[in-house]
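Structures follow.
Next come two complexes, and both contain subunit A; in the first it sits with subunit B, in the second with subunit C.
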Partner chain A sequence: MAYSVTTQTPASRIASIAGLILIIALVALPFFAGRGPIQDMFFILTMLVLAQFWNLLAGYGGLVSIGQQAFVGMGAYALFGVVILLGLDPVPSILLAGVAALIIAVPTAFFAFRLNGAYFAIGTWVIAEVVRLLVAQWKTLGGGTGTSLPRSATKDMWFVEIIEETLGVRSAAARDILAYWLALVLALATIGGIYWLLRTRRGLALAAVRDNMEAAKSVGVDAARMKWMVFLTSAFGTGIAGGLIYMQKARISPDAAFSVTDWTAYVIFIVVIGGIGTIEGPIVGVLVFFALQSLLADFGSWYLMTLGVLAIAIMLIAPRGLWGLFSERTGIQLFPIRRTLRGGKLSETKE
Partner chain B sequence: MSILSLTSVSKSFGALKVTDDASFDVPQGQALGIIGPNGAGKSTLFNLITGNIRADQGSIHFEGRDVTRVSAMERCLTGIGRSFQIPQPFEKLTVYENLLVAATHGRNMSEAAVRDDCADVLERTELIKRANTPAGQLSLLERKRLELARAMATQPKLLLLDEIAGGLTEGECQALIGTIKDIHAQGVTIIWIEHVLHALNSVVERLLVLDFGKVIGIGEPDKIMASREVREIYLGIDV
Partner chain C sequence: MIWVDTIIQGILLGGLYALFAAGLSLVFGIMRLVNLAHGDLIVMGAYLILLLVTLLGLPPFLAAAVAMPVMFCLGWALQKFLLNRTLGDDILPPLLVTFGLSIALQNALLETFSADSQRLPTSALTTASVQAGPISLGVMPLLTFASAVLVIIALNQLFYRTELGRAFRATSDDATTASLMGIKPANIFATATGIALVIVTIAALYLGLRANFDPNIGPARLIYAFEAVIIGGLGSLWGTLLGGIIIGVAQTIGAAVNPEWQILAGHIAFLLVLLVRPRGLFPRAND
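For the complex of A and B:
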């Protein structure tokens, strides 16, 4: 009998059907949900995208960055820049936000890749601060105090009118629905794209580099190229998310757009608590994070302290996160990437 | 024709000269053994050949091409495969996936195209039953076999084995020798560092002795083992 390879598991087959139903429900959500839930879902989806890209970087690429806010902020400012100065529509400008993040990611990587481990982490943070200070000098976009998207740009945004008419909602609600749908598309593309990447031979190479860099080089893996690919991909995705987040907010300032707490610390919390190095982890993590935020929103600094204590507790008790704990006990994986060899001599006797 | 030739290769770590003016050729298809006391610079010599370390001086030619400044990754692509002295598996990947990384990247081919070759290497190295086990869960013998299998998956023309028999029981060692002999019989050139001399001498056609980074002898195993220098330096016998 010939050999064959599969990555499917019984759980993943059920998950793909459940996933499809969930996607249909999420697409249809604006038809029966109010503005509040739509805004909450927008927050969850955009944080999920940021978490997936940080997870790709740190969990798969071994690059622990605490400077992802540079790409959120740069993407957001690029979007405001082209909308305000060039009069472009905000919707297609979201892609330019990704391009802008990509452009600053090249010199960032050039410098940061000279550093390793903790030094890399600090290096990325320092670079993000430098970008924030530079952007704060951009007087036409409000300098240090920031600016808003002009009413004319947000009012005539692509698709807004169609949504207003079809769903019978006001313009502000239509903009939220548009942002929500875009966030949904972005989140699905991100998860799908990362899952696809991990199932290619580049995904194998990433895992090999993470496990043992010297051995990976010795079997022909281009470790340096893998690092570049992962860093640039996550910068692009993070920039797009940044552009989208601030298109929805319609108001920007350097301190908010380059906030290390909002765009990196929370994101790390999500990934760590959910389970680093898995696609499922950030999904679980973002739901836990949202629940905590809703529960503790009125407790001010107690909220942050709770998050910190919880993150430490999870790291000590379950270093692989909540999903890791669950997956270890049950063996269930929703996005399996393990290539299982079958047939040939493996089918002769039971394992 | 020699597949590998080193010309006056030297390497220092600070004041310590670990490879001192090493020059030798390895003919196509030969199995060369390297012996020498601990700290003689055997593994460093390997790292220089595979490109994990760059030479300070001298040149290394592989198949007539100067590879002295070529990276480890590219040397693998040109046909140099290696095993590590301390097994370095990709622990979270399965045995099969370990080979898949090597085959897809070392040969620049798709996963589907190398599937049967990987399964074949697993059969030959007696790892097939462990194909879907994470490498981190393997025993020492299996880890050593995986080192060999992963190097073979890149389809090397030159295979470097670094103390692959060390730490194994006699029975395990014999089984591994059989596998290495098979590989050699297929025309793969082998350079093998080993302290387990009877294992080494049952495979290699030529021996090289290294001491303090210097090549102090190269030739037929019997003559080398009988030579005064080897017995003095390597075996610690006063003559």
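For the complex of A and C:
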């Protein structure tokens, strides 16, 4: 029997079948769920995307950013800009939102990479503030008070009419369903893309840089290039998510779109609670986060206080998060990236 | 003449920012820890002073003196029981724990004191001004700046003239070797954070006397403090003062041109320094 190198485990094979069934169920959700659950799922999926990209940055790239709101806000404003000023359709504009975030990510990285570790974190935050203050000066998009997407643009959006006819729903509900499906595609592409990236040569290099930068450099990994790649990828994805979130909201203001609480604090808590440095972590984290939010929604600031204290407790007691605890006990990984040797005389498994 | 006035006001404002930054600089210099809750601790200090003023009827300066030992103990305990556990090679735990602390503290203040903005009671002293030629200077801004200079002189004396300062420097250079000489790094770190929170109390006093405050302004104070520290160069206290002055002058000049540009001008000055001198104006040799 020939040797083979694989990253699959029995658990991951079961997970991929279960995942496929879950995806089919999620795609079909609008056919039997009401508008409330669709909006909740949209929120969960978009937060999941933001969390995955922050996790890629911090968990794999070792770059703790507190300035992700710069890319959410920039993506959102780029979408509003091209829709309002150029009259483009909002759906394809989502891609341009990613491009806009990518464009501001280049100078951001140029400045922020001059700062190390903790100072990088606050540096990204300062730059996000600069972008927010500059955008607030943009009078054609409402300046500090913000603006709305014109009704004509949201009414004739791509696919909305087809969804209205096939599902027999009103225009507003059809827009929510469209946003939900786009969020689902984005979330699947994000998880799939990050999983693919981590299994390639680049992913190995990334893990090496995270574990020990000097050692990684000594075996020929270009650490600086890996940092740039991770930072730009994450900015692009975060910008797309920002564009999509505000396409669904259809109303924007600088303070909301560049909110450090909504787009960075929540995201950090999701990743830390779920488990940093794993793909499963943000998935677990976003579900815990949503459950907590539903439970504590009526208690205002107690909710954020609980999240803060919970994040501190998890960081001290179980730094690998809830998924890390589970994975350590059971050895189960749904997205394994460790390569194992199978087959031949070395193998003990009957394959 | 208006420009001279603007620049002098900016320099005096820089004193306040240097007070915000001195505690951050001290803690970073000794244990390489960046406390993301620093701004919220300043705001908490201001509320503590306000509480003493309203409950006991103390004048603000006396209330701050009473608050100082309380804040010292709080900082000591915070470091000893929480932050010391996060120190190590991995930069994630201290960052994420202090970020969690920042959010928790902000919302605890919001829950206790509501979102209404508050102010420490003003007296004749706080509104007085002195005439220096054609320029009128507020006594409060002058006092703030003088306090910043005094705090920095005191910290430098502490660092280079006392036994505790020697222990600080030794632990900062090499905690393991220092512990072989009978120094307990955990206690040294706790004392350093305690002292940082005493400086935070002084900063909080002038913050509360100068303008309104509410539970949400902490992060912005953290950002100004951080900019002052980076501009000055990590670990240099006089550099931190100069950093504060640069931010202060940039802000007042920005505000003189267009009131909406005040904060933006400060950030842009910071980015320009970062562009020209990535390690700040007075970087320490080994970092």
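List of remarks:
Simple rule for what comes next: the second predicted complex is superposed on the first by the 338 of 351 C-alpha atoms of A that agree within 3 Å, B and C clash if a C-alpha of one lies under 4 Å from a C-alpha of the other, contacts with A are read in each partner's own complex, and residues count from 1 in each chain.
Basically, contacts are C-beta pairs under 8 Å (C-beta built on N, C-alpha and C of every residue); 3 or more make two chains touch, one makes a residue touch a chain.
Remember, predicted model here, so these are calculated numbers, not experimental data.
Residue contacts after overlaying the shared chain place A:Leu29 against neither subunit B nor subunit C.
When both complexes are overlaid on chain A, the residue A:Val126 reaches subunit C alone and has no touch with subunit B. By the document's definition of touching, of the two partners only subunit B reaches A:Asp222; subunit C does not.
In the overlay built on the shared chain, the residue A:Gln137 is in contact with subunit C alone; subunit B does not reach it.
Once the two complexes are overlaid on the shared chain, A:Ala205 sits against subunit B while remaining clear of subunit C.
By the document's definition of touching, of the two partners only subunit B reaches A:Arg339; subunit C does not. Within the superposed three-chain arrangement, the count of touched residues of subunit A is higher for C, of the candidates subunit B and subunit C. Touch criterion met: A:Glu214 reaches subunit B, while subunit C stays clear of it. Judged by the touch definition given at the top, the superposed model places A:Val309 against subunit C, while subunit B stays out of reach. Contacts of A:Ser301 after superposition: subunit C is touched, whereas subunit B is not reached. With the contact threshold set out at the top, not one residue of subunit A is in contact with subunit B in one structure and with subunit C in the other. Those residues of subunit A whose C-beta lies close enough to touch subunit B in the complex are 2-5, 200-201, 204-205, 207-208, 210-212, 214-223, 338-341, 344-346, 349, 351. On subunit C, the positions that touch subunit A within their shared complex are 33-34, 36, 82, 85-86, 91-97, 99-108, 110-111, 219, 222-223, 226-227, 230, 260, 263-264, 267-268, 270-271, 274-275, 278.
Within the complex formed with subunit A, the residues of subunit B that make contact are 50, 52, 71-73, 76-77, 81-82, 84, 88-94, 96-98, 100-102, 104-108, 110-111, 115-116, 118-119, 122-123, 128-129, 131-132, 150-151, 153-154.
Of all residues in subunit A, only 58, 62, 64, 66, 111, 114-115, 117-119, 121-123, 125-127, 129-130, 133-134, 136-137, 260-261, 265, 268-269, 272, 276, 300-302, 304-305, 307-312, 315-316, 319 touch subunit C in the complex they form.
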